[in-house]
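Just below sit the structures, each encoded as structure tokens.
Below, chain A partners chain B and then partners chain C, in two separate complexes.
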Partner chain A sequence: MSAFWYYVFTLLFFLFDYFILAMGLNIQYGETGILNFAYIGFVAIGAYVTGAVSMPDSAGTGQHYILGLNIPFPINLIIGGLTASALALIVALISLRRLRTDYLAMVLISLSLVLYDICNNFVPLFNGADGLYNVPEPMAGVLKLTTNSFVPFFAGVAGVVALIMWFLMSRITRSPLGRTFRAIRDDAGVASALGKGVFRYQLTSMLIGSFYAGVGGGLIIQFGGSFNPSAWLPGETFVIFAVIIVGGVGNNIGMIAGSLLVETLLVHLPAFLPSIPSHPGLIEYVDAMVIGILLMVMLWFRPQGMIPERIRRSPISASTPLSSVTAVAARAGAEPLSTVEEGGAS
Partner chain B sequence: MQQFWLAFGFGLVTASVLAISAVGLSLQFGITNYINFAYGDFMALGAFLTLEVNSGFLHLNIWFAMVGGSLGMGVLAVLINRFLLSPFARRFDKTFYVLIVTFGLSLIILNVIYAIWGANVRAYNMPIEQVLHIGPFLLTRNQLIVMAISLSLMVLVHIMLKTTRLGKSMRAMSDNTTLAMTSGIDTKRITTITWFLSGTMAGLAGTVLGITEGNLTPASGELFLFVIFAAVIVGGVGSIYGAMAGAVLIGLATEISAVFINPSYKLDVAFVLLILTLLFRPSGLFARPGKA
Partner chain C sequence: MTDQESRGSSDEMILTCEGLTKAFLGVKAVNGATFEVPKGKITALIGPNGAGKTTVVNILSGAMTSDSGTTHIGSTDVTNWPSYKIARLGLMRTFQLSRELGDLTVLENLLVAPKHQPGESLVNIFLRPSLVKRVECENVERALGILQTYGLYDLRDNRARELSGGQKKLLEISRGVMASPTLLLLDEPMAGVNPALIERIGGYILDLKAQGVTVLMIEHNLNVVEKICDHVIVLAEGKTLATGRLSDLRANPEVVTAYLGEVINASTHS
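Moving on, here comes the complex of A and B:
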């Protein structure tokens, strides 16, 4: 296989993978309004656990890691996703109920930095700063894949996983659960006044999103065969935010557009450019600046993203006669509701 | 016991650095009511501006360079607020947008530093210090100067907040911006001054962090950010005096813990304290109504 196709399939893999990651962050931030600045930490935990459970016992490998259970492909991915969710459960129970959006974001970004610090320094956990390597290529043994045929094969696998995840996510966002998420995002005070347990829904959203993060991370470690702390500096979370904001917050299809533009074109394509000898790494730095600037320009001129969220209309439209309850609510509407909003926002 | 006192001394040094950074962050937060997630990178940028004055073509003494680097960062902070943050904050009601912008700004500044100064570990050009024995403590002259700077800055901030017209306006705005505006306070001017102070203090904190640690890297500010957040949350978000108290507490706790645990994890102790605060006293030690 020529180098060209190798690149193409690598790019395709990252397109699918970031589609999954973006959907996970989208349900947290785009649908429910949780500013999860620790997202990449959940991705990393998913990746490490997926890798570690699929590897043999650490004794003879020259690496230090926990688990090492030889668990085969689809199951290890699910374990990775569930572990990320379990971490999210702990985090959410401690911090979600008590904090306003921006303090929550502070705690989460701190969490991301601390997780990084611990995984980087504590060698027995996931081999410290060297990270895990020689992670088995899933199904390579059964299908007799070579290093060359593995890349297109696994890009296909990621495509299938992404399709399944997208199908599930589109069910969730269309369901009453998704509707409640959006109500909380738009105004948590009103949602709770209508009897929705805001905390419980935010918790659910965190768990679902983190599962997506874990699965996306699990695919990355199995595709590359290795994963180390340099792959998940806290700034990486921002790239995923850029994907969903450029693509269109609150829209699953927008995620693939954002992932194509930001992840494939801006993050991975420049990696193939020849580097400037006098300034090694300069392309990478400029690239990161471009992503930051693109996001700001996008937020300013088109905050709804390339493919905006569809306005979902309820079956009761203006032409339908109002039932007595909604009529009363509509007449009493404006004044009392706005007081509720102010109380809830503080 | 001797080890404990040694660690206590180092704790006071860390607390001094933390106090400057935490108060700078809190001042700006009180006025604009959103967290600046690029604050860690403000610190790093200030530290590198100092490096440029210190070992670049000017070759100034480190303490003069520090003043230059900090004031430079203050001016940059004003420009960043004027042309980037304040338009976003004015245009969008939800704080989401401006928070994401500060988060993106942190990525941009970090990479600007990488592009200009490279990824290598750098150090300030300053004379090698002898260690002094002061009571049970072992400190260098530079560390003592840093502590003195921090202490006098805290006193100055206190005097400014309590006695000057500027400080009173800032406290009024922090309590209620609309009321302050209707009372005739020029809120725009106060905001600009606050960003200048916050940026200057960030630059100062980044520089003294580089001095006390003995080295600086572009990511050093960002990795220090969670310790600042811990100090701010433990002290009570939005309270300047809380930030000072939180800084002392976190500074001492991290360094003293290094006596008992592997020093690689000493900063993570700050995060543990942050979690404990959230569990048992979510509004912090010095809570301010309406801010948490």
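Moving on, here comes the complex of A and C:
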């Protein structure tokens, strides 16, 4: 496989993976209004756990890590996602009950820093600053994949996983549950006054979004074969926020547009450009500036994103005659419109 | 009609609060409010600005906790319950400044309201899709009927934030109706509304009463109170000053001094 196609499939992998990550953050922030500034921490836990459960026992590997259970794909990926959800459960029980918006955001960003420090410094957990490496390539042995053929294969696997997770997420966001999430995002006080236990729904949203984060992280460590703290600096959360804000908050299709523009074209494509000898690292710095400027431009001129949240129209067309609805109203015990217009205080 | 007659007998009370207090940084907004709301009737909560009416409604609906005092819905002690638990007992409310769910459509605002929707459970979404769909269809039909009743049918697919002030008032009431309330708290439903719409909203409230819904409404428009309310509670300085029919309260010197005097004077000068 030529270098060109290697790059293309690598970019495709990151497109699919960040689509999954963006959907997870979107259900938390875009649908439910939870400012989860610790999102990258859930991605990291998913990555570490997926890697650690798929690796052999750490004795003799030259690494220090927990688990080491030789669990194959995709069970390891599901375990990674569930572990991220379990972490979300603990975080939500501590923080979501009493904190809202900006205070919650501060607690979560602090949590992200704490998680980072623990993973970076507590070596027995996930090998400290060196992170995990030599993570087995899923199904490479069974399918006799080489390093070259694994890249397009796993990009395809990521595409299939992304498609399944998009289907599942669409079912959720289109359901009454998704509508209640959006009601809470718009005004949690009103939702509560309508009998909705806001905490329960926010917790559900946190668990779903964190599962997506964990799965996304799990795919990353299996694709690259390694994962260490330099891959998940707390600031990475804001790149995923940029993906959903540029793509269109509250719109799953917008997530793939945001992933394509921000993550694939602005973050990963420049990494393949030849560096400028006199200014090493310049491309990365310019890259970060471009993302920041893009985020500000979008928030200023098009806050709804490239593909805005769609209006969920009623299942009947605008031309449906009132008479047919009158029959519906009669069944519901309501008064016909004509009577209402004539009625008044009497 | 006496106070007892306007309220009905004591075993028909749907809401009872006793000795409610609430202070903000030492300022007592509610200072021992005690009253009862008769079942199946329209009760007005009136009083001068700053009397603590909205704070009382916030406490009753669970949006705020009281510093002391008790609240009962029927025989259930709901003192300082969270609002979602109180709402599940059938108490719905509207807000002084309309609080529509702005990014949701008008229809969706109503569809959020029904309690215990199977589609709000992840398990049902994936394992019992036919049940979710059936209940959703029933809710859509019922919501469209209510929207038609309240004159919002043509606006069903508009985002709620695009509505006018009067339409938002109607939306809040219809959203409350969609939740099948037994008790509806309306916080100034006629405020900022044109006279024709005041007539319509008054008609809707009477219709709700006819359907067995109890209404407690904060209202400054005494013509409306006179026309549609069976029972009136007067609050002043956070305390219950008097209760009864408005016609009887007009003869009460305390009520005239605290509230009615200024309303009558204001209407005389205007």
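Couple of notes before you dig in:
Note that in this section the second predicted complex is superposed on the first by the 313 of 346 C-alpha atoms of A that agree within 3 Å, B and C clash if a C-alpha of one lies under 4 Å from a C-alpha of the other, contacts with A are read in each partner's own complex, and residues count from 1 in each chain.
By definition in this document, contacts are C-beta pairs under 8 Å (C-beta built on N, C-alpha and C of every residue); 3 or more make two chains touch, one makes a residue touch a chain.
Keep in mind it's a predicted model, so treat the numbers as computed, not measured.
By the document's definition of touching, of the two partners only chain C reaches A:171; chain B does not.
Using the contact criterion defined above for the overlaid structures, shared-chain residue A:113 touches chain B, although it does not reach chain C.
When the two complexes are overlaid on their common chain A, residue A:309 makes contact with chain C while staying clear of chain B. Of the two partner chains placed around the shared chain by superposition, chain B is the only one that A:98 touches, whereas chain C remains out of contact. Of the two partner chains, neither chain B nor chain C is touched by A:60. In the superposed model, A:182 makes contact with chain C only, not with chain B.
Using the contact criterion defined above for the overlaid structures, shared-chain residue A:191 touches chain C, although it does not reach chain B. Taken together, the two structures place residues 346 of chain A in contact with chain B in one case and with chain C in the other.
Per the touch definition, chain A reaches chain B in the complex via residues 33, 35, 37, 94-95, 98-103, 105-107, 109-111, 113-114, 117-118, 121-122, 233-235, 237-238, 241-242, 245, 279, 281-282, 285-286, 288-289, 291-293, 295-296, 299-300, 303, 346. Residue ranges of chain A in contact with chain C, taken from their complex: 168, 171-172, 175-177, 179-180, 182-183, 185-187, 189-198, 201, 204, 208, 250, 309, 311-316, 318, 322, 325-326, 328-337, 340-341, 343-346. Chain C meets chain A in the complex at residues 61-63, 82-84, 87-88, 92-93, 95, 99-105, 107-108, 111-113, 115, 117-122, 125-126, 132, 136-137, 140-142, 144-146, 148-151, 153, 156-157, 159, 175, 179, 198-200, 202-204, 206-207, 211, 224, 227-228.
If you check the complex, the residues on chain B that touch chain A are 34-35, 37, 84, 87-88, 91-92, 95-97, 99-101, 103-108, 110-112, 114-115, 119, 219, 222-223, 225-226, 229-230, 232-233, 237, 262, 264-265, 267-268, 271, 274-275, 278-279, 282, 290, 292.
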